[in-house]
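The structures considered in this document are given below.
Same chain, two partners: chain A is paired with chain B first, then with chain C.
Moving on to the complex of A and B:
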């Protein structure tokens, strides 16, 4: 899907009528829109969002104080009445969809609520050779328009296709795994599976509630399931809120760290650097502690039988041992005794070399022994056999104890190491709080409060996750009870089949979701790694990019150490661009990609490398870059030239409050 | 009109997953409905789900 044309009328700095016709050529699908700051690059992105979705998400974060009114201010002050209109023409191999949004703003109503302005919308699509069009004047009632937009690019994921490159690095700050997970789930449509499961669960509950003439047992179980399901939903919601809080606090903490790093006075940057390092080390120790805890648990589970049975086994061993000591002659173990004696008789020779010829006293003695062996009681045999087995188990018990001591020691060492590092972090924090600069003191105190909040939220989230598991178990049991009761009642066959259909589908959807989520995560991981390692200029520094089961991303350097936390802003932007390109390639949406300031934080050589590779990674998408002249150096342009379809320049006239869109290039 | 695409990976996994054809068709119906209404926070799913459940539970009966 491509954007063929964008038409702007009196939209912010685009005074009068402006049309920009983008390149839709499959081999030259890169469009460059060049302009200095303030010329209207971000507002071009806003115009697209406004036309298709009715809002301008990039606005509040840029310059809210300057951008109160959507209408061109000069036009409004001169004419007193302005029509603001944005039209977008989209399609695959030809224009197939036309979207248009219009609002009339007058000077007198400029401060009025948006609802009070005269508005309209228009949508048209190509059916065969004919255009079918629809329009209306109520933005709250434009379902067809919204549905067509949603089929192309749903509102919830547009930010992964239309985005500001400079803000991307937020994605990979510490604690942002929640955002990474959300991106993969939304963009790759795992959300669809979640919605099916959610709605089917609701339908099951509804079907159960609607049951008529059922036994009181069935009704009681149904009520219990409803209560449990409700409590599960509440827990899920609480966990989501806690995750959001953690992400927000992590982001705030990271912002403070950024500010502290910039202080040149005293030894603040050194302390911050040490803290960064310690936090990375602590994270690794925490992982090791978790692994060790699991190892101890597994070891304990495998040895629990020895621990519980140790004294009983020891007594049994001693009893048999005493009995054995009471027997003067040494004995062969019971399970081999009979066979052994028979073998001697067959071979006519004892193991000491004595001949066992027929009728000889030696042979008779063995035959006598064989007969007595046959009469040995089974209990005696078992006792003899057990004696050796118990001895073996007791040996394992001793080994188990020493292994356990060793594991406990390793665990304790890790805990001690963590404690030491924690102590050092506290010292750093105290030192920063004691610095004779008010700003440092207050930043550090604020950081403390965010850390405290993160700790509390993580603990609460873990508790809620445990509670969910318990509730899920109970729901499972109750569902089984319900099914059993329902089977007894022949009148309820129809309902039983419906519920069975829902249950089986939920089970299948969960299975599919698990597999698809894993597959997509791995594909995004593999593509992100491929792009990041290729785009990064320090080839020898980084070795791997991983996205684990918890959607936590890590960058591994050549020493095998995780180093995401130490990436520079530019490196984080490269990682984010790689991640976005990876997402786009596995998303299942063929939407155009528009990036504002794609190379803003990236310097010299790396910029040139990205210029060469990024369009290649997004070769199946129409890519439009809103770029400044600092980003668009001659080398950058040269590196992109094979893919460039069209180049435009935004020329802002301050006096006229107008930006002209001029197609340039020609020699590309 | 736009082809309402469900991510091909989901489709492939659904085809691979061991289940009877009636159940597979039922889930396909649900997924297409959800894809169509992906932008709506609270789509009115009830009628469509009822219709699909009614149809496919009858097929279960005849299995």
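Moving on to the complex of A and C:
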């Protein structure tokens, strides 16, 4: 799917009527829209969002104050009344869909806020050779329009197709696992399953409340379940808020680190570098500590059972030993003796010539002997085996304590190492706070407060997570009690069956959700790796990209070590672009991709290297880059030229409050 | 040799849903995420150590197949049975059920003690507490 044409009328900087016709050529499907800051690049992205979805998410996040009026201010002040319209023409091999959103805005006579009137929408699609069109004047009632847009690119995942390059880095800052998780969950579109689960949970509650003529026990349990469910919801909400706070504080802390790295005075950058290194090392030590804890637990569980059973093992060993010593060693092995006696009975004659006829006392005597040999042989076989096994276990018991002491020592060493590194981090912080520059001092103090906030929030979140588990346990127990009480009351059979159906469905949906998320995570991991290794200029340095079950991303270098924390800004941008490409590819939607300021945070050489990789980026999708002239250097342009279809320049006239869209090149 | 493939280890259903579940799932438990077989064995041995043995009551739950015990664990169960019966006849195939019954009964009492050690509110590391209760045995072993 490609965008053929975008038409703007009086939308923010775009005064009057403007049309931009993008390249849809399959081999030259890269469009460049060049403009300085403030010329209207981001607003072009906003216009697309506004037309298709009726909102402007990038403004909502970054500059909410600009949300107020979408009309061109000069036009509005001169004419007092202005029509704002955005039209988008989209299609595969030819234009197939046309979307249009219009509003009339007028200056208010009462206050500074403009008034909105005459909202309308229009959608048309190609059916055979004919266009079918629909329109309306109520933005709250445009289901057909929304459904068609949703078929092309659902609202929930558009941010993986239309995005701001400068914000991409956020994904891979430390502690941002839940952002990665959120993105993958969004792409799975499993909110549909979540909605079903919520609906069924509500339905269960409704069914329980609707019981008539039930015992007071049933009513009490039902009330208790409702209260517990409500408290679980509140806890989930609190956890989400805490996660947001942690993300925000992590980001702020990273921004401070960035600033400190750029300081040229004193040894600030060196100290910050040391801190970066120590933080990576601490993360590795923490992983090792966790592994060691697990090793200690496993060693304990597998060893302590034999220590606790030491007396039994010893006594069984002695009993077997005594038996072995007490039994006269037979001249021939037990199984041979058994066979020999059996043969005598089959031949009905002893080796001495005595007849062993049925019922004869001689035959009975041999039969008795055979039974006793069988019994003794079975016990002996088993006891023989046990004799050696138990001896081995007793030997192992002797090592248990020393192995445990060794493991505890290794664990303690790791903890001590961590403490030392923590201490060094404190010293670095103190030194920075003591620098004779106010800015450094205040940045470091601020960083301290963010760290403190992160620590507190993480602890609180862990506490809330534990509380959720307890509440879930209680809900489970109460549900079981409820079921039991209901079973006693035959009148409630129908209700019981309905509740059971709800429970089973919720269980099944949760199972599906987990399975889908896992599958998608693995596919995103695979695709991110593919794109990253394909786009990166130092392919031989990196070996693998991993997204673990906690949605933590790691980059493995060819030495087998994790190196996400040491990636350069350029490399992180490549990783972020790869992740976005993986998300859009896994989503299954073939929508066009538009990136605002893709190289904004990258400088010098890395920028040129990324530019060389960009033509390979999403080769089969129409890609539009909204780019500043600082980003679009001649080398960058040259590195991308083979894929560029069209180039436009946004020329902003401050006096006229108007941006002209001028096609400047194409087929470079 | 191993236990026969059809032999199953039973626990009381309410203990499976209660104590076993909490020891297996709770983040506070040092035995979290371990196999139920391992938790059963620890419970059984704590029961044996404390001389607490209790026949199973109420509804039973099939916890796992006895054939999943490795040979060392198998001989631990057999040693307990030999010591209890003071007789090696318990090793005969036809007495397999008796060996498993003894194990189940020790675990049945032991699981409550283990649960109390972990969640009973006594401060400190539960593993260390179990370890200190076998200090004498460890000293004896060292000799």
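Assume the second predicted complex is superposed on the first by the 391 of 668 C-alpha atoms of A that agree within 3 Å, B and C clash if a C-alpha of one lies under 4 Å from a C-alpha of the other, contacts with A are read in each partner's own complex, and residues count from 1 in each chain.
Everything that follows uses one rule, which is that contacts are C-beta pairs under 8 Å (C-beta built on N, C-alpha and C of every residue); 3 or more make two chains touch, one makes a residue touch a chain.
These numbers come from a predicted model, not from an experiment.
Peer 1: By the touch definition at the top of the document, which applies to A:200: first (chain B), second (chain C), both, or neither?
Peer 2: Only chain B is touched by A:200; chain C is not.
Peer 1: If you stack the two complexes on chain A, which partner ends up touching A:520: first (chain B), second (chain C), both, or neither?
Peer 2: Touch partner of A:520: chain B, not chain C.
Peer 1: May I ask you to decide whether A:508 touches chain B, chain C, both, or neither, giving the answer as first, second, both or neither?
Peer 2: first
Peer 1: Examine A:306 and indicate which partner it touches, taking first as chain B and second as chain C; both and neither are also allowed.
Peer 2: After superposition on chain A, A:306 lies in contact with chain C alone.
Peer 1: If we overlay the two complexes on their shared chain A, which of chain B and chain C does A:188 touch? Say first, second, both or neither.
Peer 2: first
Peer 1: For A:498 in the superposed arrangement: first (chain B), second (chain C), both or neither?
Peer 2: In the superposition, A:498 contacts chain B only.
Peer 1: A:620 contacts which: chain B (first), chain C (second), both, neither?
Peer 2: A:620 sits against neither chain B nor chain C.
Peer 1: Touching residues of chain B toward chain A in the complex: what are they?
Peer 2: The touching residues are 1-10, 13-14, 17, 19, 23, 26-27, 30-31, 34-39, 45-46, 49-50, 53-54, 56-58, 60-61.
Peer 1: Mind listing the chain A positions that touch chain B in their complex?
Peer 2: Residues in contact with chain B: 97, 125, 127, 146-152, 154-156, 188-193, 195-196, 199-200, 203, 206-207, 493-494, 497-498, 500-502, 504-505, 508-509, 511-512, 515-516, 519-520, 586-590.
Peer 1: For a test of understanding, state which residues of chain C touch chain A in their complex under the given definition.
Peer 2: 1, 22, 26-27, 30-31, 34, 38, 41-42, 44-46, 48-49, 71-73, 75-76, 78-80, 82-83, 86, 88-89, 91-93, 127, 130-131, 134, 137-138, 140-142
Peer 1: Can you tell me which positions in chain A touch chain C when the two form their complex?
Peer 2: Listed in rising order, the residues are 296-298, 300-302, 304-313, 315-317, 319-320, 323, 375, 378-379, 382-383, 385-386, 389-390, 392-393, 396-398, 400-401, 404, 466, 469, 473.
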